[in-house]
Amino acid sequence: MTVSREVELSGHIIDSGMMQTCFGAIMDLGGSFEVEEFRIGRHETQESYARLTVLADSEGELRTIVHELHQNGANPAHPVDATLEAAPADRVVPPEFYSTTNHPTEIRHEGEWLPVERIEMDCAVVVEPDTRRAYTRVLSAIEAGDLVVTGETGIRVQPPSRPRGREGAFGFMRGGVSSERPSTSTIGKVADAIAETKREGGSVLAVCGPALIHSGAREALAELVREGYVDALSAGNGFAVHDVERDLYGTSLGMDTENLDHPRKGHKHHIYAISEIIRAGSIPAAVEEGLVESGVMYECVAGDVPYVLAGSIRDDGPLPDTITDAVKAQEAIREQAHAADMVLMLSTLLHSVAVGNCLPSTTRVVCVDIDPATVTQLLDRGSAQAIGMVTDVGTFVPILTEQLLDGDRRALDE
Amino acid sequence: MTVSREVELSGHIIDSGMMQTCFGAIMDLGGSFEVEEFRIGRHETQESYARLTVLADSEGELRTIVHELHQNGANPAHPVDATLEAAPADRVVPPEFYSTTNHPTEIRHEGEWLPVERIEMDCAVVVEPDTRRAYTRVLSAIEAGDLVVTGETGIRVQPPSRPRGREGAFGFMRGGVSSERPSTSTIGKVADAIAETKREGGSVLAVCGPALIHSGAREALAELVREGYVDALSAGNGFAVHDVERDLYGTSLGMDTENLDHPRKGHKHHIYAISEIIRAGSIPAAVEEGLVESGVMYECVAGDVPYVLAGSIRDDGPLPDTITDAVKAQEAIREQAHAADMVLMLSTLLHSVAVGNCLPSTTRVVCVDIDPATVTQLLDRGSAQAIGMVTDVGTFVPILTEQLLDGDRRALDE
Amino acid sequence: MTVSREVELSGHIIDSGMMQTCFGAIMDLGGSFEVEEFRIGRHETQESYARLTVLADSEGELRTIVHELHQNGANPAHPVDATLEAAPADRVVPPEFYSTTNHPTEIRHEGEWLPVERIEMDCAVVVEPDTRRAYTRVLSAIEAGDLVVTGETGIRVQPPSRPRGREGAFGFMRGGVSSERPSTSTIGKVADAIAETKREGGSVLAVCGPALIHSGAREALAELVREGYVDALSAGNGFAVHDVERDLYGTSLGMDTENLDHPRKGHKHHIYAISEIIRAGSIPAAVEEGLVESGVMYECVAGDVPYVLAGSIRDDGPLPDTITDAVKAQEAIREQAHAADMVLMLSTLLHSVAVGNCLPSTTRVVCVDIDPATVTQLLDRGSAQAIGMVTDVGTFVPILTEQLLDGDRRALDE
Amino acid sequence: MTVSREVELSGHIIDSGMMQTCFGAIMDLGGSFEVEEFRIGRHETQESYARLTVLADSEGELRTIVHELHQNGANPAHPVDATLEAAPADRVVPPEFYSTTNHPTEIRHEGEWLPVERIEMDCAVVVEPDTRRAYTRVLSAIEAGDLVVTGETGIRVQPPSRPRGREGAFGFMRGGVSSERPSTSTIGKVADAIAETKREGGSVLAVCGPALIHSGAREALAELVREGYVDALSAGNGFAVHDVERDLYGTSLGMDTENLDHPRKGHKHHIYAISEIIRAGSIPAAVEEGLVESGVMYECVAGDVPYVLAGSIRDDGPLPDTITDAVKAQEAIREQAHAADMVLMLSTLLHSVAVGNCLPSTTRVVCVDIDPATVTQLLDRGSAQAIGMVTDVGTFVPILTEQLLDGDRRALDE
């Protein structure tokens, strides 16, 4: 028995790779296809259109194929409304709930396509018929009675298409990861992209690991915060501890980051630093009372740059400012992620994954780490405008800061 | 002005490296020394003794040096009692509190040396005069009024000395990390060490990352649990999710771990798996109702092997079984760590660091990861009996299991 | 001024990604295009055809674009003969010589399309009008008077297209590198692929690094050679030295690969082993006189399996069997590469790159290394049927051998 | 049966770790010891002395132990002359020849201790009685009749001892590898060390991999050569090819290292660059005729800085300047290594190992690579003054150059 369904693709379906992916998926999954209609855009600015009949040996196979095509932007030729089912209990979704990708998505409800707000991957979609809104919800936030999208119908996903023509500072953001790119030139491109984001009124989120402090990049990052290039900071307990340790004792992980001395009692400095902040009550309180006078956290407090310190099971202390509950910390990170127009992931896998999980595929991402495996893992999430750089964050941030401030002065001179 | 203090070292102070470290520390820190007395053990089984006068240019320098010597096992020649100060408030330690190493430690109280219970690094030491007990407390667990050890006097630290003579299965545990050791022979040694630990009535804690499931080692690990080689399990939400996903859908991260098929809807299986467990209420409930019928978590539930699933900010879900608060999760991990006689760290940096933070330097540790940086970082914590192996956990666990079960049968035959 | 040229694509131009690549290249290089004709294969088995007019602002730009399209399989709509120019001197090619890709290539000569023999990348193509043959030549082998193809016309390149339908044991060879695949299942697939290659009368080339010996895989590899699964071996001086060291002294790099003992004089064994072979005259002579009695080199000599030991500047010795001249060693490796139907690259970057440089894109390649960067670099060469596996060669080879020999016995039983 | 021998140690035998190593070796190898005499240096500037009787169960075991002690600086208490045997044929050493370490070594000949000239590891030692000279010879350079040291007697090895007191710019060179050091401060220390080496009239050898060019550090390195900070260069064919490619075509590996453009024909530039140099005859000839006008090789030619380009089996071309024979290339590298007072190993494993193989343990070494495994492997060779830095060579070299030239100007101002 052969079953079939008609799907259609439109847009820049060839150079985005959409058609290739769909053809491949059909063949991989054991189906076949017939092209019913195909109109190719005659110029690079014209869109193309394809209508296919997909065939499979069973309804089950067909559904698997159509599901896959769907994830890649091919939609049923004759759309119907999405199916909605009420969540039976808090945190419990209906069995066949639709789990999101991170691409822009629309839900067909009463004949109208509603854009899904705050799209991110691995969420359920809840529709509010009254307000005609659709938005994502993580499983743990589902409430009994939420109308959750189930099945595959009435859902439209738009994978990112290749940018056309002039692309601005983000034009270089293709080609993925490399440890063999020219380093300082690439940093210059990242500086341009940050400057452009700021010029356009965008918001930059810096996601920072403790290696940034150990590697001596603290002062440069503090300067970026002070000069307004960082609009929000996402980090962990360790990052803040070592940043404060450097202020209080001149060391990071017990090493003087300037003269490389290793004051031998230094390996206890981080625990003393935590103790001091606990005594003061919080980092802002410690800044207030003049205990902490410099560094990244200091600049955040002084400049009202909001930050999230998310806890983890390897934390010492933790600081009173650290959100120890993972679910609450995720919520705080989620707000940061959705507010950001550009994200710098600096030398942390854990926090970068947490932020990346909440990002739509359209947000600009720059990911910097000395470990190529980390960069690969972070870029491997289908972001349309992401660049990875395998380099030393201890040289990356100072050079970036120098180039941004130089550019600044240049801009002021003009 | 020159100030001086007398310290003494005793034990296997040469081949443990203690003397070398102390001489080096004095010179590094700008001090000098005179050897007042030196008795060398004439045979390798005899202990040695050294008494030094340490000299420095200022009291500050001298204290730094003496602190450092102290951490390495050199003690004041004329010991006095430790100083105790009451904690002024919950979570607030007295300013000069003593922060622990992970080596066996004693506190001198009213002329008597009390062993510090549950030693682990970066803790305060609390003394209970009534019960004549001393034990560690993490900063976040300090309560107002706790009598906390401050300063450096009256504290004795014993860095691990080199094992003498017959060393049993752990004899091979020296020489640190290597990706160039003979793999299957090394796995055989690890199997021997586990078998020996079990024969001696010891407890084995397995710390497991999700890569273990993706790499196809799930069935072998489940067998180890079922056969009683694993007494406790420490993992994260992701590990349990992918273990259950494999049971429910035959996949891990969407890939069939047996035939390598990649059912295209598979990348949603993990989120469906979470949803199913939430619906059931918990993993034990899901086992109870017959939903989950195999795998590592199943064997833990079936065999009453206690487990801790610690949450993190990158979790999907999370499962109802996951402890989302980092401090509470650390407490649970701490219990596991102190109960363990041998720890297997399998392909997870985050959870291994969390466990490692709570371990005394005397616990046997085997750390396996494909990333040499991870193994180096984990071994770099001063454990006396630790071995690192840079290998593929997906082949390590099956070969280990085979060797243990073979050895088992061999032992039964004898 | 706008200039234009017509190119055409045919074959499975959508699912191979050819059209996507060509469209992208035109836009990246600042050109534009008009689709003059487009016929899509209605079924997945039918080929498609496209004819485009490419436009650019200058003849230079246009040539750059057309060059790029050409490398990706788009050919001028109205082909003419290739241009031939005589090499002016030995090792000197005409200025605009055509430098090859590793894809199947044809040269149009007197109206006829000649297949380029022994295709590999970065070579010149020499045409012999008398014999109507075209073949590759590396620069260092060019002789004065050789008729070398120059320019871009009259050359047809066929990038690999996606396999259709039944794919046999190599079907799993897609999706590139991963350290998160199920290890033993993947090894099973590699075993199947080797078995299939042998069944089809194909030839397997093993490229081996010294880590293979250190990691204890020597005996398993020797067994593969003995059982006829390896038809040729490509390695370096170090591999052979450590293989022989193990035979003569029981160690590799000074460590006993079985009991992990580290006989302290062991670090000199490799240099003694070299000295012994020099004294004997060669490895075959040492086998002949009974000095060497086991191991990979022994099995090669005993079983007449041809091998190449290529020298490098880090060699100790070297052995008399090692080809110390890089150009001569490359020639020997080139012969091996072109004779191979399947290549196993086992834990060596240097030798794998050397072999890979000589391979056409149609040869099956399996690349195994514990360093993901090595695997990525090796797979990044446009082979159509290549798989990378990030695992421990010390467990990979024994498991592979077990599975092949098991399969063997199974096959015999049937 | 117990056999024994007396050995003695003198010097800074405690803080150099010599005693610890010797005690450990005896116990590891199953022996025991009695301390016959022990005089400890009462101050840190005084040397110590120990005389031990080593005991073992058999003469074989005893010899193994004594061999091991010997390698670590313990010498027989009653020295006799070294045994000399004539090499029976070219490249053939007497069976029990002594194979060197890389530590300073002396040979006792007719009652006199001769220093071994050009010490490096894994060599034979040849003594010339007439000239009373002893020097190393690699196996392949041994000639029939050479008087080769055999056995273990009459040989004295001095492992490096810990530097005392003021240590100058190299003081920071302890503590091995870290990716978590403060990067720019560490680079400052390396700059100081280079400046100090030059001030003392020393010679700096730069060992360079092609990644240095790809990562955009070419111009900075060229400046270092031009300004006289590099006295010799050791690299491979690929380094020179990409350096010249950048001069001729503005690209490296086909990418424009300044604006990151990827001219699509670029991936053929390296092969064209080779062809151009072949046509010119050599790099110096190409500089002479004005073809090559900038870059590292250009500055070497222009400034008469000697260089060695060593061939390998992965070379394209190769350039006429490349030494293709590994043994000849090693000889050239050996000359460079022995002439160097400081060696910078920049982003190449192959060439760094080749140079490192020829270095005595007293030469200063700085090793820079983005891969920690490479740095670890290179430092793992017992050099007394070696530092490893895990960082991006593409930012390291520009920052180093800036700091050296800044320091230069500062020095001129004073």
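Observations on the structure shown:
Just so it is clear, A, B, C and D label the chains in written order, and each chain counts residues from 1 on its own.
As a working rule, a contact is a pair of C-beta atoms (placed from the backbone, for glycine too) under 8 Å apart; a residue touches a chain by one contact, two chains touch by 3 or more.
Predicted model, so just to flag it, every value in this text is computed and none were measured.
Counted as hops between touching chains, the shortest connection from chain B to chain D is 1. Set against the C-alpha centre of chain B, every other chain centre is closer than that of C. Note: centroid distance chain B to chain C, computed from Cα atoms, is 45 Å. With centres defined as mean CA coordinates, chain C is found 37 Å away from chain A.
We define each chain's centre as the mean of its Cα atoms; on that basis chain C and chain D are separated by 33 Å.
Among all residues of chain C, those that touch two or more other chains are 179, 262, 373. In terms of inter-chain touching, the protein chains here all touch one another pairwise. On the side of chain A, the complex with chain C involves touching residues 14-17, 19-20, 23-24, 26-27, 32-35, 38, 40-44, 50, 162, 164, 179, 372-373, 376. The residues of chain A lying in touch with chain D in their complex are 172, 175, 179-187, 189, 211, 214-217, 252-253, 255, 257-260, 262, 370, 390-392, 394-396, 398-399.
Interface of chain B with chain A (complex): residues 25, 28-29, 64-65, 67-68, 71, 91-93, 95, 97, 99, 122, 139-140, 262-265, 268, 271-272, 274-275, 278-279, 310-318, 322, 324-327, 329-330, 333, 350-351, 353-354, 357, 371, 373.
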